[in-house]
């Protein structure tokens, strides 16, 4: 295992300090925690947004702290959900009297740790709400299991919830907007190469030279099945078909897309995938309103990509496209 | 059970978790995210430190261990162990020792909490597959007047077997559930680490009786 | 070799279309070329800025086309400098009557192909200037050799030249500003894992499990020497010491830094490196005015990083920090 | 040399470059960026197409080849071959055939252009290490009245040797120069591909005389 780190035990701590060093205009670290909060807190009375999860998904989640998105991001150890005391610290940092929305990805660990934190926060008199993102269509949904996972679609939830909060919406309104995103977003990904969790020291799975994993999550887990590597056109189609079926997309549907790299896939290749997406959308008659292309929700140095589609109406498209200013996503530059 | 035995249990658990860290990670790599050993080992290091400064009484010590695990383990296991042990602490007497029945009651509170929080049933391929039958055997043994060290010895062996039996199951809860059919053929890491807790319990009590 | 592509011959072509699909507000493709130009050309009379080089360095160079940076980017095949006819097409796209500045990285191929294009452009009556970036201190400088390579420092040249051009500076002034950056910037990088050029099909070099290459360029070339992998603190110090010596940095010097990922190194790890940079700068008494952290000039899926330091005065710091709006770099978001 | 021979030369060169593509890439991988074979092969494919429609006259054909290489090879070799061949075209007669002396003059113009553009000296471990002595031998042979096929045969062998001799040199120009001492021990890819041009020349002319 070759990693640009000093020690397994300090990688998250040092990385958080590194983020603050690089983005002091956006981020402060809540002392003695793994919480990154806004350097310039939003106005009193507005709803705060907290997200988080294990580390290793950078730029998620600290990269989305700033105007128009999150108020605080809570970082666990690599691929391990943060503990309730850390989440509570995030909630407190994000609380400006208007209540706090927790954006949680649907993993048992995340759900339970955020739940415990929420109980603690409510006990301290902070009004909270939770939305649970479960956009991964690779996984069968069922009432009897843990349901679907939350993956890259989470970024769209951050964006819309953050935009609404900035506009002064109430906690209920912000949660409703976030849940509307969740109801209209679907994602799926694959891996060409695995990643190595520093503490584990070896790849989470092994692939032959012509093999890949389809339907992976964002924690280095194996996917739904192993298959031979295919061309970008085939792989993109595979994801697109599953997602389009899940969202019941028809000709004329307006969508926003995200082509997301898992960590080690060059932007050159992600752009090839975006091009394929464009072809597929055109063939289906979809209105591709905005395409996010880059690394938004990664799995350390995993090679691979995920595709996310979000069905939008005029209002949701506006919220997706509105100004935001964070380390990882900035929109609405003023010229001159 | 007295405080010395209780602390001995946690020290032994810490040691055996540490010794099985890589193995637990490898179990988790097969059907999860390869961190269960790391998570538990990180938590136990803090937990035994809480044990080293007993501030008097089982409840205080148990609560310190609970808070240590809650704030260091993370993941599904951290939430379950941490919040479960908080209920355990609330159920166990404040005194420096407790009866076998009181201990069994605290374990019952722990298991109920895990089930409330995690919603897992028997056969879902989780730590519940170890803790649920173990709790039942523990309570039954105490009711029947068996000595705790003897019950613990039985449980050490039984829980090891129950943990291994998770191998044939399909996971329905936790991260492994996303693998569906592919989760079959691998032992559940949380079930295995839970069986190590009963192994530690039996060893701690064997030292007493031995 | 596992790549998210359709065919080796079409990867650049398809990726360029993918970039336009994702960033239509920024980019258009000049028909029948590998040139990406601004979707909204700058005002008549202002100086145009053209950059480019082989593909595989994404987001360079197309990612920097937009307000405050480039007017056109010319993409060669992967790691192969573009041909003169392509560069000429870029120059024409960037020409708005104020002359065109070519930002060239100091590689024989780039220098010669841009030179030939410049001769062609001058023959067609377009006023041009060239600046040659040679920031890589891994390579000994000598009048008798090819000199130093141009690497990630190029992004600072884009930024300052672009800002000056936007302000209405003349071709001479823009070139002078760019050359001032070149005179004050130094970089160096290393690789933990090599990359694979699609057409070659295998890694450009091989490393044992505990080996790395120090002093690499951005084309998968081997570096100046091979060594055992070291901790992030040691590696950062190694680069810092070489760069600081080259720039003759002393306590109180004001610098802007870039911690740049080569492609497969997670942002988590790059942030650890940024943290080390902060410690080193503090120990030396440097004033670290701004830190760019992320992937700015990559080598496909190479694992590794480079460090760049730019000495700044008040004016140059302003130009680095001023508004820009491109696919890969946006600064100066307007709120509300 | 007539146009058929000239085109035959380029067809043979295209074939031998294609056959050595991987080898040239591997030479370039050792001291450069692994693309020299790919670059030259891409260019030659276009160049022979230019040859397939000779519009009459050596100059026109040479210019078409030059433009094809200039716009498809890329990299250092593309700039050097492309701009060099433009000078070659300007120096060669417009007619469908030329004298040996005229051919030698065009090669001389090619080599001068490469030196002007690339600034490499003999011993800098570049294609100049093949083309410079080859040009000198060509001119000397023509001056001495040797037949062009015979000179080409000598050059095919000599340039192969000169290319291999670049192995012991430290690169001072081009991408390999960044490696300094580490560039020693590897044959320069551009020198090797240049020797293949003389091999192709000798074969094209051997077909005539044979």
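Think of it as A, B, C and D in the order they're written, each chain with its own count starting at 1.
Everything below uses one rule, namely that a contact is a pair of C-beta atoms (placed from the backbone, for glycine too) under 8 Å apart; a residue touches a chain by one contact, two chains touch by 3 or more.
Model, not experiment: these values are computed from the prediction.
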For subunit B and subunit D, the contact-path distance works out to 3
What pair of chains is linked by the largest number of C-beta pairs in contact? A-C
Compute the distance, rounded to whole Å, between the mean C-alpha positions of subunit C and subunit D. 32
Counting only Cα atoms for the centres, state how far subunit A is from subunit C in Å. 28
Here the gap between subunit A and subunit D, centre to centre from mean Cα coordinates and rounded to Å, is 54
Using mean CA coordinates as chain centres, what's the gap between subunit B and subunit C in Å? 54
Residues of subunit A engaged with two or more neighbouring chains: 78
Considering only which chains touch which, label the overall pattern as line, ring, star, complete or other. line
Name the touching chain pairs, please: which are they? A-B, A-C, C-D
Which residues of subunit A touch subunit B in the complex? 54, 76-86, 107-109, 112-113, 115-116, 136, 138-140, 144-146, 149, 197, 199-200, 204-205, 217, 219-222, 224-225
Can you name the residues of subunit D that touch subunit C in the complex? 25, 29-35, 38-39, 42, 70-80, 82-83, 117-118, 172-175, 177-180, 182
Subunit C contact footprint on subunit A (complex, rising order): 2-7, 11-12, 14-19, 21-23, 55-56, 58-59, 63, 67-68, 78, 166, 192-193, 209-210, 212, 229, 231-233, 235, 259, 263-278, 288, 291-293, 295, 298, 300-301, 303-305, 323-325, 327, 330-336
